[in-house]
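Below you'll find a set of structures to go through.
Next, two complexes with chain A in common: one pairs it with chain B, the other with chain C.
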Partner chain A sequence: MLLKKKNVDNLQADSILRKLSGLLLTLALTGTVQAETVFVTLEKDNALAIVDPLAGKLLKTVAVGQRPRGIAISPDNKLLYVATSDENTIKIINAETLKEVGKLPSGEDPETFALNPKGDILYVSNEDDSLVTVIDIAKKKIIKQIKVGVEPEGITVSPDNNWLISASETTNMVHWIDTKTNTIIENTLVDPRPRAASFTADSQQLWVTSEMAGSLMILDTKTKQIIKTLKFEVQGVTADKIQPVGVVIDKAGNKGYVALGPANRVAIVNAKTFAVEKVLLVGQRVWNLAFSPDQKRLYTTNGTSNDISIIDLESQTVTQSLGVGNYPWGVTVKP
Partner chain B sequence: MIMLHYWRAMWGIINRELWRFITQRERFISALIRPLVWLFVFAAGFRASLGLAITPPYETYILYEVYITPGLIGMIQLFNGMQSSLSMVYDREMGSMRILMVCPLPRWFLLLSKLLAGTGVSLLQVYVFLAIAWFYDIHAPWQGYLGILPALILSGLMLGALGLLLSSFIKQLENFAGVMNFVIFPMFFMSTALYPLWKMKESSPLLSLLAHYNPFSQAVELIRFALYGQFNQSAFIYTLAAFLIFMAAAIIGYNPSKGMMVKKGGA
Partner chain C sequence: MNPLELLNMNFYYYQPMRSNNSTLQVLVVFYLFFQLVNVNLVYAKSKQIIDIAYLTQEQIAPPQLSNAEPFIKNKGIIGAELGIDDDNTTGEFTGQQFNLKKFIVPLDGNITDTFNKAISHHFQYVIVNLPATQLTQLADLPATKDLLLLDVATMDDALRNEQCRNNVLHLLPSRAMRADALAQYMMKKRWDKWFLVVGSTQEDRLFAEAIRRAAKRFGMKIIADKTWEHTFDARRTEQSDVAVFTQIDDAYDVVVVADEQGQFGEYLDYRTWNPRPVIGTQGLMATAWHKTHEQWGAIQIQNRFKEKAGRWMEEQDYAAYLATRALGEATTRTKSNDIKQLKAYILSDAFALQGYKGNPLSFRTWDGQLRQPILLAAPKSLVAVAPIEGFLHPKTELDTLGYDQPETQCKWDK
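The block that comes next holds the complex of A and B.
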């Protein structure tokens, strides 16, 4: 009887062990999925939405300051920078605790800004004053204010840290600013109302969107001239609603993605042939875009439908649109 | 031995229906053309003008043609169900129903076999339609293409049973035009096949209420959820209940001693 019980116990232990090893094996095989956090500024809620995109859930919303718009994360992923436009400042927020740890003097009405690759200098567009403010993050001091065209909006730094780009909406110009001297070296006339700019990973090309022309221009960094202009068309959507804004290009240089504003679409552009491969339906007035760290997903902020859309880039499909709060504007991702 | 007898009778009925469908190429083509015209022409015209909020089972924004697809699947089954019942009227006029009804098997079994045959035909039509829709960029998750099968069987049976019930009231083939006007059109347009309930509610709460309780709406919702790998319990119960009620009424309707056959002078 005792022997029988022992055998049963052994069998049970054996079965549990087998199950455990199976579980460990499954974990090892599927453990490649990494958690990431998406931060979204909510312009009307004066808040920051924190989203778990893999679970497809809004985790929480925290107050951040008046009219938050532009957002970026430091290269070490520890600090968030948020432009609180109506407070004329850029807030520094701990990405873990979500507590404010400092402020940067941004000049008037900061909306968009860019960090240099090292993460020690921040460049802000001051739309009303036609200025670009250069800020030393460590010293929390303005180094210089550069006079640019009327209504500067789009701003970006080349990955090789040689160029700072400022796009002036009313002057219809892209200003090439030398990051060493903080002076404009050259201006390129582009299509009306340039909104956003982004460099390819090798810094050889600059992609600029034009809101009014409904176009995307590809500029050569060496010549600083437009080498290609492409117009977007969306079946069933009138041309006046196609207003390209945010633009991002993958690190491999294969594909670029353009937010088409009130057309409620994101266009996928082949970065080699410059052909529009597909347009995907997302929420209303899609404005800004951000990649997941592994560049397998793309997150979009949809201003008037108060949600973000999650795009699976392998299947080129929108997997979910998730309500986050009023007027989602900027987006950044922490691995 | 009895089981074999039943099986032979059922297979005979299904075989006849399938054979009739395959040989009538025009019927197959017209059954496909109808929903495809709605998809390619009607839905294309509306794709920009109809904004669709995110409602389950959808997790993101969808184009109108994506929304309308389950409704068009329902349309295929609705027309197929009615067409099967039309053939019952034809069979009665031609006298072939007399042969069927003298078969020494329960009447309910013969009618159920007839229903299954009609549903089988509709399944073929639906999967061909889904294949064409796939090339039109209307994609569902792969499990949806499997999950939709039981939903299609139930909705096909329910709509077929409704057709049977109606056919028990119809004396002549010519009267069937009335079915189109008084059953198919109101049922189709007053449902969630073309517009979501919330959209209907904006213009008419009464219309949305009628659409909600329309069994065709429930069948469409069952199909819609199943196509995205989800189970809509309330739609399932409603569709099942509607099937049982229509079937019971059709069996009574086809009973020579009690039903409509008395008034019409038998089968």
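The block that comes next holds the complex of A and C.
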């Protein structure tokens, strides 16, 4: 009983301290950093959560449509694109007013999608139909549907706009699609069930995660071959729980971050040596990741614990877990 | 069109042209001819063909208790078709083509005849959806020696032990694997005392045997072990009968039922003397696939299957899907259609098949059994997935289910 009491006291003291430090941090930061907004799709709430990450607060939740998953923001930060999978569309939402301003024809069951750097073309994975749909945003028209492998999921465009990448989960391939002709130029066979793909800022490397092998593969853009395969290991977590999904690499090319799914961790990978430097405990079934605009923080969506984690990248620590709603899925940030 | 046909076509063209006596024309024709042959050779070289046979026999609907679930005639076939579709989608990028030829032997037909006449000399890979005795007969035919049979129907432990054949791979979990999955769950729930109810068919006895083995393996106690008799006594009703049947002096935590055909198992739930859960072939069931399964991308294949078949995916469909996908995966990775290479790859450590159940699936090299998680499902919800957390194994936790290497009676190399 005594012990319990002491624990409670400790906990209270702890939380007060944490709140204080959070407050201090916020005060310190608000002076130097502009406010930013984090948008999170809530798959099972049919809603969008709007978070002020510096204050560590959920500002509000707005209805967005059936089963929202993929989310992205336009390069000018004015428009949000949200895939509402069960409505077979991608909604265009004003990032200020949060009102719907339009819809894009996305093909069936859109989940993940990618914008080109200019922000005028959007590419969608249509998982059940083995297609990638190319959409002209201004005209709200489908330009082309490209046949890819079975169950395409991960999709990304290289920063130099030369390559569109589609990763098919059951075919176990990365398709290299020429963005000028919208045709597949090459296919690279990768580890089973590739999930997400991300280019380095210089477009020279493509990082691909494999959910089933628990691995990260680094591909060379020139040769389109795998130059390095990394297998993640976490002490006290069985290999089958390590299911890498989301992957992002910082602009400086120093570090990459990989969400390890039901292992409930984010791995920090040295982008030069490809060594895993640290593994951080976040929420449950962590899937998607987004940097803050200054790349000092990383936001993660934790599907089954219904929260997001905020990681301070300088100290490499999780500073906060913030409950946002049911099944947080996608995340994007507006400066 | 095959290269030979094209070659012939060119030849016929070329002859009448020659009588024309114009050298230029002859040259043009020659040029075209070589171009075509050239292109065609490249084409033929790059396209690898993998022919797969699917062999089954017509079935009649067995007697069943409930009409809630209609009898499904084509279990397995649609799974194989979906797998071939997926293989071919991948094949478009790898220059490989998969063909599936189905052989459905009529009720009064002779399976061995069909196999000898139409299959064994034309196909190296045969998906077999037949009972254990027919499967073994086919596997022992001289012509089958160098073929690979992919069994998508049997659960018999004997076929994975003393009766094993090294030209057969088993896609569905054995009875022992299912019983172990159930036992792990019961152990976790601390349902240590079991009341085993066994039906009167041979299959029921085999399932009960697997349950008894699992009880021993996991240190559980079988308090009562009774056979359910089928009689036509008008005084017996399920309400009175089950209560009397399950009224025993010793306390038990759970009723474990072995009734593979579903002739009485559904009667047990809610009618036992003491309120106890029912588990086994009815109630909470151990299965390779279930309609309630949605995790690990399973929802995608559930949707794709339903769209194609107009019904839910059954175990045999899942097994046949995996059979075609295993061949596809091996072909893609080895860039070969040679049976020796494919078989070696399928049985190697490198082989990892995505089966929508989290862990990658692979084959046990000591008995040809596909190692896989097992779903524990109630009619409308997925309750657990075995191996249950906490059951450990030095190599892979999937091998906590069924006959592990040290226990096997199979002499696979023979």
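Just so we're on the same page, the second predicted complex is superposed on the first by the 305 of 335 C-alpha atoms of A that agree within 3 Å, B and C clash if a C-alpha of one lies under 4 Å from a C-alpha of the other, contacts with A are read in each partner's own complex, and residues count from 1 in each chain.
Everything that follows uses one rule, which is that a contact is a pair of C-beta atoms (placed from the backbone, for glycine too) under 8 Å apart; a residue touches a chain by one contact, two chains touch by 3 or more.
All figures in this text were calculated on a predicted structure; none of them were measured in a lab.
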item: First, second, both or neither for A:S309, with chain B first and chain C second; value: first
item: Larger contact residue set on chain A - chain B or chain C; value: C
item: Which superposed partner A:G283 touches (first chain B, second chain C, both, neither); value: first
item: Partner chain(s) touched by A:V62 [first = chain B, second = chain C, both, neither]; value: neither
item: Partner chain in contact with A:M212 - chain B first, chain C second, else both or neither; value: second
item: Partner chain(s) touched by A:L189 [first = chain B, second = chain C, both, neither]; value: second
item: Contacts of A:I227 with chain B and chain C, given as first, second, both or neither; value: neither
item: Contacts of A:E127 with chain B and chain C, given as first, second, both or neither; value: second
item: Overlap of chain C and chain B interfaces on chain A (superposed complexes); value: 238
item: Chain A to chain C touching residues, read off their complex; value: 127-128, 130, 147, 149-151, 169-173, 175, 184, 187, 189, 191-193, 212-213, 238, 240, 243
item: Chain A to chain B touching residues, read off their complex; value: 56, 235-238, 264, 281-283, 305, 309-310, 317-321
item: Of chain B, residues touching chain A in the complex; value: 44, 47-48, 54, 59-63, 139
item: Chain C residues within the chain A interface of the complex; value: 86, 89-90, 92-94, 297, 300, 303-304, 307, 325, 329, 332-333, 352-354, 358-360, 397
